[in-house]
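You will see chain A twice below: alongside chain B first, and alongside chain C after that.
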Partner chain A sequence: MKRWDLIVIGMGLAGLTAAKAAAEKGAKVLIVGRGMGSVTLFGNTIDLLGEIPPGKDMQGDLTRWIAAHPHHPYAKTGWAGIEASLGAFRSLFPPPYTFDTVGSGNSLVPTGVGTLRPSYLLPATMTAGVGMSPSDTIIVGLKGFKDFQGDTVSLHLQCRGVNLSLPRYGLEGLTAIALARLMDEESFRERLGEAIRSQMAGEKRVGLPAILGVSAPADVLKTLEAITGAKVFEIPMLPPSIPGLRIFHRFREALIAQGVTFLMGNPVTAAKVKEGRCEEITVHNPPIATVFRAENYILATGRFLGGGLWADMERITEPLFHLPVFQPESRGLWFRERFFQPEAHPIHRAGIVTDEDLRPVDSEGRVLLRNVRAAGSILAHHEAIEGHSSEGIDIATGNLAAGRALSS
Partner chain B sequence: MMPADKTPTPPRNLPDVCVRCATCMAVCPVSRVTPRFPGPKQAGPGAQRFRSASDVSVDDWIELCTACRLCDTVCPAGVPISELNLMAKAKYLDERGRTFRDWLLVRSDLFGELASRFSRIVNPLMKNPTLRWLLDRLLEIDRRRTLPEYETPTFRQWFAARPVMSETVGRPQIAYFYGCFTNTNEVDVGKASVALLEAYGYSVGIPPQRCCGIPRLGVGDLRGAREMGLRNLSLLLPVVREGIDIVFSSTSCGLMLRHEYGPLLHLPDAEELARRLFDICEFLLRIQQEGSRTVRFQSPAMKAAYFAPCHMKSLNIGLPALELLRSLLGIDIPLIEAECCGLGGLYGFKKEKYAITEEIGRDLAKEVARIDPEVILTDCEGCRMQIRQLTRRRVLHPVQLLRDMLNRA
Partner chain C sequence: MDLKTEVLIIGGGATGAGISRDLALRGIPSLLVEKGDFTSGASGRNQGLLHSGARYAVSDLEAAKECIIENRILRRIAPHCIEDTDGLFVSLPEDGTEYRATFLRACAEAGIDTLPLSPREALSMEPKLNPRLIGAVQVPDGAIDPFTLVVENARDAESRGARFLLHTEVTGLIRDGLRITGVRAKDRITGNEFTIAAPWVINATGAWANQILAFAGLTIGMALSKGSMLITNTRLSERVINRCRPPASGDIIVPNDTVSILGTTSLRVEDLEHYEVTPEEVSFLVEELSKVIPAIREERFTRAYAGVRPLVQLAGVSDDREISRGFALIDHGSVDGLTGLITITGGKLMTYRLMAEKTADFICERLGLHVPCITHSQPLPGAGRGHTLKDRLLRLRHQIPASRGELLCDCELVPRETIDAILREGKVRELQDILHRTRLAKGTCQGGFCVYRLLGVLNEMRKETVLGGSNRALRDFLEERWKGIRPVLWGTSLKEEELIESIYKGLFNLAPEATLPPGGGDL
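Then we have the complex of A and B:
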């Protein structure tokens, strides 16, 4: 039976990053996900830490922030680890569809509910939204497309908005992926571009839902900008996320090209542990249960949606290795009084506590599994939702976990 | 295990497991090309909440699901989406009745052997524009679809007429499930499979076998699929009970035998068969990795590209053909980045669905044009048919290229 150098469990951004980092170092890697992973749900921009104000230098401010937050996953990677992992991520996206900062730090990106959200790396299709003003921007919605309410966005951003009928399709309810696929077609996007131009009143920027192409987003941008004479940007919206799908496709393509074995669609149902090491895992595709063995494992199964953490009426558990989960004392303390408030809900800090090497530890700090490392949102002591730090944590800890696994 | 005479039970999971995340909407090949199909989220768990056994089916678009199963592979909640669709389709068609065309198409295994015998008459006839016009008008078999040619003799006849190879006596035995299409339409895939298995030191047997039954699932005929399954189990279980593994070269037949006989159709002892059933490249890759036998291959001088069939993704065994090709032939073979070829088996022969299959296939055709390979490799005969029609290029099963590159010196 084949033995792998590394098995990555979980196919979100943390797992994908870990698999790619390990494969690039020459390791034989298996990645297994029970589904497509959260990057296709929410993946748009790469957020590092929302509370660093735009215009501030990220390196200096984040370094100081990490020093003040010694339990945060970033404390394991440090700025150096974050920087290196972001470099590896960006190398997957050569021009023209790149991920870049606008300036040296965070910038504010318009969202599908018409708010401005702080983010760090933006895809080339979103940078033109940064610095928009109510007078220079028009928001374009598409009639019959339910996932993007252009009126809401333009109302909140206080700019002008229009809703256009789709060329060829009129009011039929197309999905995001159907629209994005049509945008890959030059004649379709040219006609949409013309329709937008006819509605413009001197605006310098055009905001559209994030459907600017599946395979050729940079070409879509180019056509629309040439026709409208304005800067065009995508606005993140409801799942599935087309920009997230582009990230997933790029990773999958790179991983398979590098010889990584890619198993998607069935859960890891069991892990066999002996003397502080994981010996094997079982993937169940009914009626077949297949056992896989590796020297090292990375647990990047995410939180409640991904299935990495499980909450019953009283407690939060980790279902695969039954690791101890750092969590509030009782269920009554999971949430604060109001759903929307600046401070994070305590349940969001729940997760797996690890040593410097990202290996799970018990309450005394003793390593529980010597060849298993946790990465991504399953880790304890972060507030990725309120903190706007989800992708940064995934990429930095995924990269670190792979590096430590291979050097062990 | 349920008694054999029971009809299939409703899907394993409740639709309420669905968290409405819509990941399935990102991969469904049908809803991305036509607004007529609402997509797996709505068609599967969404509509399931409103269905009841006593109500008449109203969702006529359910027939537009191609059963590619990509939705199942991406769902993070483990909802058996394609199974919900299949059950709804079965109920809908049970109520409405199936057309004569659908009755005929799913029985291609019955007239295949006959067509094969008279291939010299049948093949030109199938290209005759008048007959195709008639088939199009009367049966609604789209005349733009290239019909596969029949071959004489069949794979089974070829195998039976082979001289007994004295050197294979006493070797480890392997059984081969070739499938209907290999038997009557693509005999060379069967010949290549046998040649490779023999090169790896096996004595190949071909047990009696019937159509796997997946075409019947395609028209929601669960009863018919169960019949085919029961017959195959009675023919194949004795083989595995002798300790002999079975390999298949047709991805969809393999998926049916391995994953639908048990979990979906609840056929007795299906799991026993499933455990000893392997995709041929999965099997060869394992032999190769165990290192028990080294077989030498030459590197092809042509540019090849590989396409991963949807049902290969559903088998969830990675891409063994691609891994095998890369490691044995020592060349880089790019993966064609397209989700689905669009054919959907017999779906693509039906007039009312032809435009959908063509539109899905355009993405694949674009990628092929970009890579510009001399030969395209893919495990599924449906994909091969569709890619040939879309690109007019040479399309082979991976085992055919491997056989051609066997170093016989």
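Then we have the complex of A and C:
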């Protein structure tokens, strides 16, 4: 039986980052996931920490923030680990479709409800939205595409909005994916560009739903900007996320090119543990169950949505290795009385507690599995959703876990 | 704006709407004020059970007789609000056979048809039942849609001259010596205050009865009992399933369209505006009812909710389940010496028509009119309309091609046309009014996706000013949704909640308004 240096379980941004980092160091890597990871649902920008105000220097402020939050996953990676992982991520996206900061810190990206969200690295298709003003921007919605409500965006951004009909295309099945694939066709985006231009009244920027092509977003941007004579930007909307899909596709392409074995669509159903080490995992592809063995494993299965954590009526468990999960004492304490409140729901801080090496530990701090590391949102002591730090935690801990696994 | 009416009805539940219709059919004009939407109180927060009366047969024979009579009347006048499911009273080994014998005798005495079934027969009819059951009895229970029932009563009344003011709260009673001559009222959306003059004021506010009476310094003996319920993601049984044992908490499962409703609990409450379903109640209902249908333990729940039963209180009874579910019609003229004010409370959804009849009889008597009640024989306006799930899906088949597939709600198949039609009618005043009148947001995601789309449609139609601004409405909706969903967050529901939080708090950066992060919230 083939034996791997590293098996990564989970295809979210943490798992993808870990697999790439390990492959670049020459390791023989298998990545296995039950489906496309959560990056295809929510991935748009790379957010590090929302509470650092725009205009502030990220390195200095985040370094101080980490010092004040010693249990946060960032405390394991430090700024140096975050910076290294951002570099690795950006190396996957050469020009023209790059991920960059606007200025030295966070910038504010318009969203699908017309709010602004603090983000760190923006894809080239979103930078023009930063600094938009009500008078210089027009928001374009598409009739029949219900997951982007242009009028909601323009109402709250206080700018002009129009809804365009797509000639010759019915409304049936008008999904983000279908639209993005149409945008990949030059003739389609040219017609859309013309339709937008006919509606403009001197605006310098055009905001569109984030559907500017699956495979060639930079070309789509170029066409639309040439026709409209304005800067064009994408606005994040309801899942699935086309910009996230681009990230996923780019990782998959790079991983396969680097010789990583990419096994998608089947869950890992069992892990065999002996004397503090994982010996093998079982991947279930009915009716076949296949066993895979590696020196090291990275558990990047996400939280509840990804299946990394599971909650029954009594408690929260980690279903694969049955690791202890840091969690509130009882179900009644998982969530607060109100949906929106200043502090995150206590359940968000639940997760796997690890040592400095990202190896899961028990309540006494003893390492439970010497060759298993946890990475990404499954880790305890973060509030990634409200904190706007999901991608940062994923890539920083994914990168670190791979590095530690290979140096062990 | 000051108004006048012959009879003023306070409360837009089944009782109030029923009285409005009964009076209208007798030619008496009325005006109804309701502080929220129709069925905001217990009428909209119950199990939707069309009682056969069997549940009360042993403990309260009179209530059982009332129920079966009203059951037959409602099947006649409101067939489009009813699903004729039948019901089973299931005996588990721990329930024994003694109660079952008593139960069968009591049902016979109350005039309720029963059909005893063997365990095998019961299991072939309802395969998800606990296979350990020792017997079952079939009774004519059913499922009823209270919202449609109330709206249909109001629609019929309105077509006969009755008037309705929703989102209008009574803020005081106007008194002239020993007479109530009207009320002070406030529009809760515009804030406009005005008076309504009326020689007769009917307090049909259910659990809120004492809040209205307090304006006149009066009070009646009433216990407030909270009942909590859980909605499943799938329909567990074809029929209503009851435990064949003395009435207790956690003993009934009512099918409702494509889902089932588990109930109930009974806990005293004092504060009518702040009560919630506790984790203990949820655990109890799941534990107790999984004895009847074991699959409940693995079932996904979409929502929990609670209603407050107004129970007219008799001295010396300690258990709320022993307090009569009967109703009380109180003439404050003869009881308290304050003429022109009547309170009708207690009772249950099943007897709303009877309560309305008795109230209208009283008003007629005082007005010196001799017009008989005809609500027991006069069908509601939509009574001929097909109303089953099949009818609804068939109608959709015709609607969806017309909209070219623009479904706002994928879970419950609500096309955009439905919303356009409601807005054209012009009666809705806030987001929740729209949600009450459609199946939007009632499915698995509980509005997580479709309300964003609905608000977009409203913004497109420039309705946002009427509805209070769209992101505020979105926040309010998510907060209201939270009340129902928080108690059932585990398993698959919890997974979905991570999705919803990731969208609204993560991706869209909606934050509590008091603590907007940099750039968060509205501009």
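Quick note on the criterion: the second predicted complex is superposed on the first by the 403 of 408 C-alpha atoms of A that agree within 3 Å, B and C clash if a C-alpha of one lies under 4 Å from a C-alpha of the other, contacts with A are read in each partner's own complex, and residues count from 1 in each chain.
In this text, a residue touches a chain if its C-beta (ideal position, glycine included) is under 8 Å from a C-beta of that chain, and two chains touch if they have at least 3 such contacts.
If you're wondering where the values come from, they're calculated on a predicted model, not measured in any experiment.
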Clash or fit (per the criteria above) of chain B with chain C on chain A: fit
Partner chain(s) touched by A:305 [first = chain B, second = chain C, both, neither]: both
Chain B versus chain C as contact partner of A:267, first or second or both or neither: first
Touching partner for A:239 - first (chain B), second (chain C), both, neither: both
Partner chain in contact with A:287 - chain B first, chain C second, else both or neither: first
Touching partner for A:98 - first (chain B), second (chain C), both, neither: neither
Partner chain in contact with A:59 - chain B first, chain C second, else both or neither: neither
Superposed model, angle subtended at chain A by chain C and chain B (C-alpha, nearest 10 degrees): 90
Touching partner for A:158 - first (chain B), second (chain C), both, neither: second
Partner chain in contact with A:317 - chain B first, chain C second, else both or neither: neither
Partner chain(s) touched by A:41 [first = chain B, second = chain C, both, neither]: both
Shortest span in Å between Cα atoms of chain B and of chain C, once chain A is used as the common reference: 6
Contact residues common to both interfaces of chain A (with chain B and with chain C): 38, 41, 172-174, 238-239, 305
Chain C partner contacts - residues on chain A that touch it in the complex: 38, 41-42, 44, 50-51, 53-54, 106, 108, 111-118, 134, 141, 144, 146-147, 149-152, 155-158, 163, 170-174, 236, 238-239, 303-305, 310-313, 330-332, 334-335, 337-342, 384-386, 388, 390
Contacting residues of chain B [partner chain A, same complex]: 19, 21-23, 25-28, 31-33, 35, 39, 72-78, 258-259, 262-263, 270-271, 274-275, 286, 289, 313-319, 322-323, 326, 334-335, 337, 363
Footprint of chain B on chain A - complex, ascending: 2, 34-38, 40-41, 169, 172-178, 181, 215, 238-240, 242, 245, 249, 253, 256-257, 259, 261-267, 283, 285-288, 305-307
Of chain C, residues touching chain A in the complex: 276, 278-280, 283, 286, 403-408, 449, 452-453, 455-457, 459-460, 464, 470-471, 474-475, 478-479, 481-482, 486, 489-491, 494-499, 501-503, 505-512, 514-515, 517-523
